[in-house]
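The two complexes that follow have chain A in common; it is paired with chain B in the first and with chain C in the second.
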Partner chain A sequence: MSFLQVSRLVKCFGATRAVDGVSFEVRPGEIYGLLGPNGAGKTTTISMICGLLKAESGEVVIDGTGFWTDPSRARRLMGVVPQEIALYEELSGRENLEFWGRLAGLAAKEAKQRAAELLEALALADRAHDALKKYSGGMKRRINLGCALLHRPRLLLLDEPTVGIDPQARLKLLEFIRDLAASGTAILYTTHYLEEAETLCQRIGIIDQGRLLAEGTLAELQQRLGGRHLFQLEANLAGVQPDQWPGFAQQFQILQRSDRHLLLAALNDCDPAAGLKALLALPVQVDNVSIKRPSLNDVFLELTGRALRE
Partner chain B sequence: MTMLQVLLAKDFKRARRNPVPYLIHLCVPLLITALLGLVFSGGQDRPLARIKFAVVDEDQSILTRLLRGALNQNQASEHLEPVFLERIPALLDVTNSLLSAAVIIPKGFTSDFLGGGRRVKLELIKNPAQQIHPAIVEELLATVVTGMNALSRNFGDDLTAWRRIFTGTNPPGMLEVGALLTKTAGQLEPIRHRLDPIPVTYEKETQSAPGAGKAGSDWNMFAYLLPGMAALFLLFLADAAMRDVPRELRLHTFDRIRTLPASVGLFLTAKVLFALIIVTLCAAILLGGGAVVFSFHWERPLEVAVLAIAYGLFAGGLMALLTGLWPGEKKADVLNNLVALMLGLAGGCTFPDSALPPFMREHISPWLPTHWFIETVRATQLGATEWWITAMKLALLGIALLALATWLLGRKLEAGVRE
Partner chain C sequence: MKSAFLIGHNDLRLFLRNRASIVWLFLIPTAFVYFMAVPNRGPGSPSNPRPAVLVENRDAGFLGSVFLDELGAQGLNVLSPTNSADAKRGIRIPPDFTTNILAGRQGKVGFFKVAGGGDAESAMVEIRLVRALIAINSHLLEQSASDRGRPPTAESLRALQHKENPVTLDVQFAGRKPIPTGYSISLPGVIVMYLMMNLLIFGGVAMAWERRSGVLRRMIVHPLHRPALIAGKLYGLMLLAAVQITFFLLVGRYWFHVNLGDHLCGILLVLLVYAWVAASLGLLVGSIIQSEDKVVGLCVLSSLTMAALGGCWWPLEIMPDSLKIIAHCIPTGWAMDALHQMITFGGGLPAAAHAIGVLVLFGLGANVLAAKCFRV
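After this line comes the complex of A and B, so read on.
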C-alpha cells in the first residue's frame, strides 16, 4: 500500500501551468525519483505535497488521509528537505537541529538527544558547536537533511538535496538516504541528475513542463525505447535524410541527430550484431559506430525530443 | 506557547550572535539625541555669546568717554563686547561680518545735546547678515536715546552749565559747580522717592519637582520634542526587527517552518513579539536616556512605559501588515521606510501640530497612531490621566494589524506570491 498518493495535481501561475495533472505514489521503504530539468515542475509538486502551495485541483493523500483534511497530522508524518540550505547561519549545527526538532513537536530533552544521534550519523559530531557559517557546502547539506529527520518522519520529501556539493559528499549523502529507505521511510526524491535517479531510485517519474511523461523502474523506462541497445553513428550527415534510406525506418528510430552524429534506437529488439551490419550497409560513409545501453537521458530524449542536460 | 517560545528564543540567539544591525539602529537615535543634547542642553546655565559691536566716537568728549567706560563695566561687559574703532575700519568689519553693528557718535554730539535746541542724532549701522545681535544693539540704543531725551526734558535749564563742564569751554567756577550739583541732587530726590522702594517686582526661580534634584521643570522643550522623535525612530526599529520576515522568506527558513506544524500566524506573532521587545528596550533607552541627557524627568514614567509598549505592539503589527502586503525584501526596502516616514511626518513626529497644513492637522493627523502616541505622552507630562485609552487603542490596533497580516501573508504564500 502506498504511503503517499498524489492524484492529478494542477498548479498555475498566471497563464503558466506549472504542474499539469501529475499523479504518482510512493510506498514505504521506496525511493521514488522525480526526474526532470530545471523548471519542469518538481519543486512546485513537492511544495503542493507539503502544503506550501495550494493546488488548483488534485489531491495529496498521506497515509490514507488527505493532506488538507488534517494538515497538522500530515506535517507530523513528513520531513521536508528543501533545495535551498534553509538553516540559520548564526546558529551552530546542534542548535539548528534542536530548533527544527522542537518545531516538529519534540520535547527539549528529546530534541537534544535526537540532535546528538543525527550529528553522529551524519559524521558531524566534532563540528556540532561550530556556527553553521563555518561549515562547508557538503556539511551544510548534511545538516539540512538532518533537520528534516529529527521527528523520525515516515515520509521524506527531498528536493534536489545534492545540488552544489562535491562528489564525495554526494556519495555520503546518498548512502545515508539509502539507509533511511532501508529502515522503511518512504522517500520522494527530486533531481535533475540522471546518475542519481538511476543508482538511487527504485522507481522514477520523468517530468517535463509540468507533466509526468513516464514512470516506472529503470528497466521499464529503458524498455520504452523498444530494445536493450542504442547505436551512436558518426558520419558526415549534412543535408542527408536518413529516413529516406531504404529499410532504415523499419529498423531504427532516430533519437537525436546532428551533422556529425545520429543516436538510434533499434526497433524490433534486434541483436547488436545485426544492427551493426545494417548500419554499415547504409548509403553513407560511416566513420564510427558505438553500441550502448539506453540511459534515462535517452528515455527523456525519446519522450521530449531533447536531452535532459540541454 | 512552547513553539512561540522556541521561535522567540531562536530570534534572540540569532540577534545575540549578530547584534550589529540592532546596535546600529539603537545607536542612531542615541547619537542624534546626544547631538541635540550637546547643542541645546544646559541653556539656562550657559551665558549667551557676547554681542560684538563697534563704537565710533567722533566726538571724543568727556561725556562720550564716560559712555565708553560704562560699556566695559559690570553687567554690560558680560553681554556686550564693544570695540572702539574709526568709522572706516568699523564699517569694514561690519561688512565682513566681524561685528554685529557699529554705533557712531558724531562730532559735536555732546555739545549739541547739552546745548539744547538742536536735534542730535546717533548713527547705527547694522550687519544685514545677522538677525538677533544687531536687533539687540538697536534696542539698547533706543533705550539710551529714551534716557537722554528724558534727561534733556528734565534738566533742560541746567544743560548749558553741564555743557560748559563737559566741553571745557568757559568752565564754571567750583562754587557754581557745587551749586549745580546741589540743584541736580534736589531734582533727583523726588524721583528717588517715586522709584525706591519699587512697589512691584518679580522673583526669578526655577521650580524643581519633588525628588527631581536640581534639574527639571513643568514644561520642558525636550520633553515635548522627544516623544515625536522617539515615535519615528521606534517605527524604524520595529521595521528593522520585522524585516527578518522577508529575510527568512528569502532564505527559505520561513517556508521550512511552514512545512512543520507551526503556522504563519505563530511565526508572525513571534516576530511581532520580538519587535515589541526590541522596541520597548529602545524606547527605554531613548525616552529614559533622553530625559537624562536633556535634564528633565517624566512626570508619569509608568504611564509613558505602558504607552511605549502599546506603541511597540502597534509598530510591530503595522510592519507585519506591510510584510503581508509586499512580502519581498526589495519592495520592503523602499516602501516600509516611506510608510514610516509618512506616518511620522503626518503624525507630528518632526513638526509640532500647529506647523502642519490645516487639512492634515484637522483631517489626517488625528487618525494616525503616531499622533495618538505623541500627543498622549505629551499630555501625561502635563498631568492628563486619559492615557490608558490611547494605550488600549494602540495595542488593539497592533493585534488587529497582526491578524490581518497573517491572513494576507498566508493567502499570498499559498498562492506562490513572494513579492
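After this line comes the complex of A and C, so read on.
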C-alpha cells in the first residue's frame, strides 16, 4: 500500500515540459530515490507534490486522499526539506526548530520538547543556543532537515539535502535518514549523486528532461542491462569503427566511446572469460581491459546515451 | 490567524535582533528630531516658552519689584545681572521709577540688547514687556479709581495682580493657521519620514531575502493559508511600527517636551493607519524587487523624496501651492496634515478625519497591490 502516489504529473513552463507524465509511488518505510541530472525535473516534481506548484495535469495522492482535495491535511502529513538552507541565520538552532515546529501546528511546549529531542538526535545539542550563522554547512543541513521533522511527518520530501557538504557530514545525514525510514516514514529523496541513490534508496526512479525513464530497485535497474557484465576497453580507437569488426555487433553493445576508451555491454549472457577472450581477439592493439558490474550511471547511460556526471 | 501572529512575532524578533536596526529605528531618528528642530525653530517654539531677560532694577521703591513680578507673570525668565548668561535682551528700571510714578510723572523703562540673538528673541521679550507695561498701568489706574486719594502700596498692587481680569481673550485660529515650528514640526516629521523609510526597508528587504533564501516557500508548504502569511508579514511590520511610534512619542513628550495636545489616541490612530500604508508598500516593494540592495536603494530614495515633498522637513504651510498639491498626492503629506491638526493646531479627531480617510484609501490600495503581487 503506497503512502504517496504520483500519477502522470505534467508541468510546463512556457514551451518547456519540465515534468512530462511522471508517475511513481512511495510506500511507508521506503526511501524512493528520484535520480537525475540538474534540470531533469526533480525539484519541479517535489514542488507539485507539496503544493508549491499546481500541475497542468496528473494527480498527487497522499495517504489515500488527493492533495488538492484537502491541502491542509496533506501538508500536516508531510515534511519538506528544501534544497536551499531555508532558515533564519540570526536565530539559534533551537529557535529555528521551535519556530518551524510552531508553524507546523505544534503547541509552544511541544515544539520546545521536540526541538530538544531533535537537537539530541542530530548531535547538535551542544550548539543549540548558537546563532545559525556560526554553524558549519553540515550542521546547517542537519537543522534544515530537523525543521521538517518537528511534527513527525509520515511522508518526508527531501530535495537534494546533501548538496555542498563534506563526505563525513553527508554520511551522518544519510544515516539519520535511514533511521527515519526504519521508523516507518515514507521518504522521497531527490539527488544527482549516484552513490547516494545506490546506497540509500530501496527503489530508484531515473528522471531526465522531465520524463521518468525507468524505476525499480538497484538490481532491477541493473537487470535492464541484462544483468550483464560491462567491459571497459582501453586502446587507440581514433578513426576506428568497432561496429564493422567481424562478429563484434553480435557480441557487444557500445554504451560509451571515445578515442581511448570503449564501454561495452556483453550480449547473449556471455560469461566474462569468453567476453575477455573475444575482446583480446579484436583487430586492434588493446592496452587494457577491465570487467565491472553495471552501475546506475551505466543504466543512465544506456537510457539516455550520456552519463549522469556529464 | 495563529500562524499570522507567530510569523509577526518572529519577524519582530528578527528585526530587533539586528544591531543595525537599533541605529536606524532609534538613534538616528532621535538625532534628526533635534537637528531638524534647529532650523525650523520659531519665536513660538514650545521648547523655549520663557525667554530669558536681564533686568537691572535700580529703583529704590517698591514699584520696581512689583514690575519684576509682572514681567515673570507675563512669561519672562527674569535674570539678575550676576546670572545673565542666557539673556539676549535686557530691561532697565530707572532709580526714580517709584518716585516719579507716585508723583504723577511718567516712568520710563529701558529696553536694550545684551549680546547676540536675532529679531525673534527680541520680539519674544518685547511682546511680554509691553504686556507687563499694560498690566502695571492698568493696576495703577484701577488702584487710583477704586481707592481715590490713597497712594498705591506693594500689597495693594500685588492683590490686583492676582485678581482675575474682567476681560480675557478666547483664543481661536482666525483664518490663517500658525506655522508649526521647532520640535512641533521635527518630531512628527521625523516619525513620518522614518516610519516610511524603516517599514519600506525592513519589509522590503525581509521579503526579498526570504523569497531568495526559500524561507517563504518553506512557510507555504506548512498548513498555512496564503492570506495568513501576508497578514503575518504585515503584522510583524505593524509591531515594529508600534515600537518606533511608542519610543518617539515618549521621547518627544518627555525629552523634547513637545506638547502632544489632548488627542493622543487620535495621534496614535493616524500613525498606525500611516504605518499600515508604509508596511503594505514595504511588502509590495519586496514582492516586485528581487535584490535586497535594490530594495534598499529604492526605499531610501523614495522615502526621502516623499518626506521632502510631504512636509516632513519643512512645514507645508510655507511651501508653494504647486508643491502643496504634490504633497497631497502622497501619504506623507496627509500624515503630516493629520498630525499638525492635532499636535500644532489643537484639533481633535474630527479635524484629522479627512486626512485619516485618505490614508485609509492609500492603505487599502497598497494592501491590495501587495497581496496581488505577493510571490513566494
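Here are a few things to note about the model shown:
The definition used in the following text is that the second predicted complex is superposed on the first by the 309 of 310 C-alpha atoms of A that agree within 3 Å, B and C clash if a C-alpha of one lies under 4 Å from a C-alpha of the other, contacts with A are read in each partner's own complex, and residues count from 1 in each chain.
In the analysis below, a contact is a pair of C-beta atoms (placed from the backbone, for glycine too) under 8 Å apart; a residue touches a chain by one contact, two chains touch by 3 or more.
As the structure is a computational prediction, the values presented were derived from the model and not from experiment.
Aligning the shared chain A places chain B and chain C in steric conflict. Between chain B and chain C, it is B that contacts the larger number of residues in chain A. Of the two partner chains placed by superposition, only chain B is touched by A:13; chain C is not.
Shared-chain residue A:130: touches no atom of chain B or chain C. In the superposed model, A:53 makes contact with chain B only, not with chain C. Within the superposed three-chain model, A:63 lies out of touch with both chain B and chain C [touch as defined at top]. In the superposed model, A:76 makes contact with both chain B and chain C. Contacts of A:198 after superposition: neither chain B nor chain C is touched. In the superposition on chain A, A:90 makes contact with both chain B and chain C.
In the superposed three-chain arrangement, chain B is struck by just one stretch of chain C from 97-105, 115-123 or 133-141, namely 115-123. 50-52, 72, 75-76, 78, 80, 82, 84, 86-88, 90-91, 99-100, 102-105, 147 are the residues of chain A that lie in the contact sets of both chain B and chain C, per the superposition on chain A. Across the complex, chain C meets chain A through its residues 3, 6-7, 10, 13-14, 17-18, 213-215, 217-224, 376.
By the touch criterion stated above, chain A contacts chain B in their complex at residues 11, 13, 44, 47, 50-54, 72, 75-76, 78, 80, 82, 84, 86-88, 90-91, 95, 99-100, 102-105, 131, 147. Every residue of chain A that touches chain C in the complex is listed here, in rising order: 50-52, 72, 75-76, 78, 80, 82-88, 90-91, 99-100, 102-105, 147. Interface residues of chain B facing chain A in the complex, by the touch rule stated above, are 2-3, 6-7, 10, 13-14, 17-18, 251-253, 255-262, 413-416.
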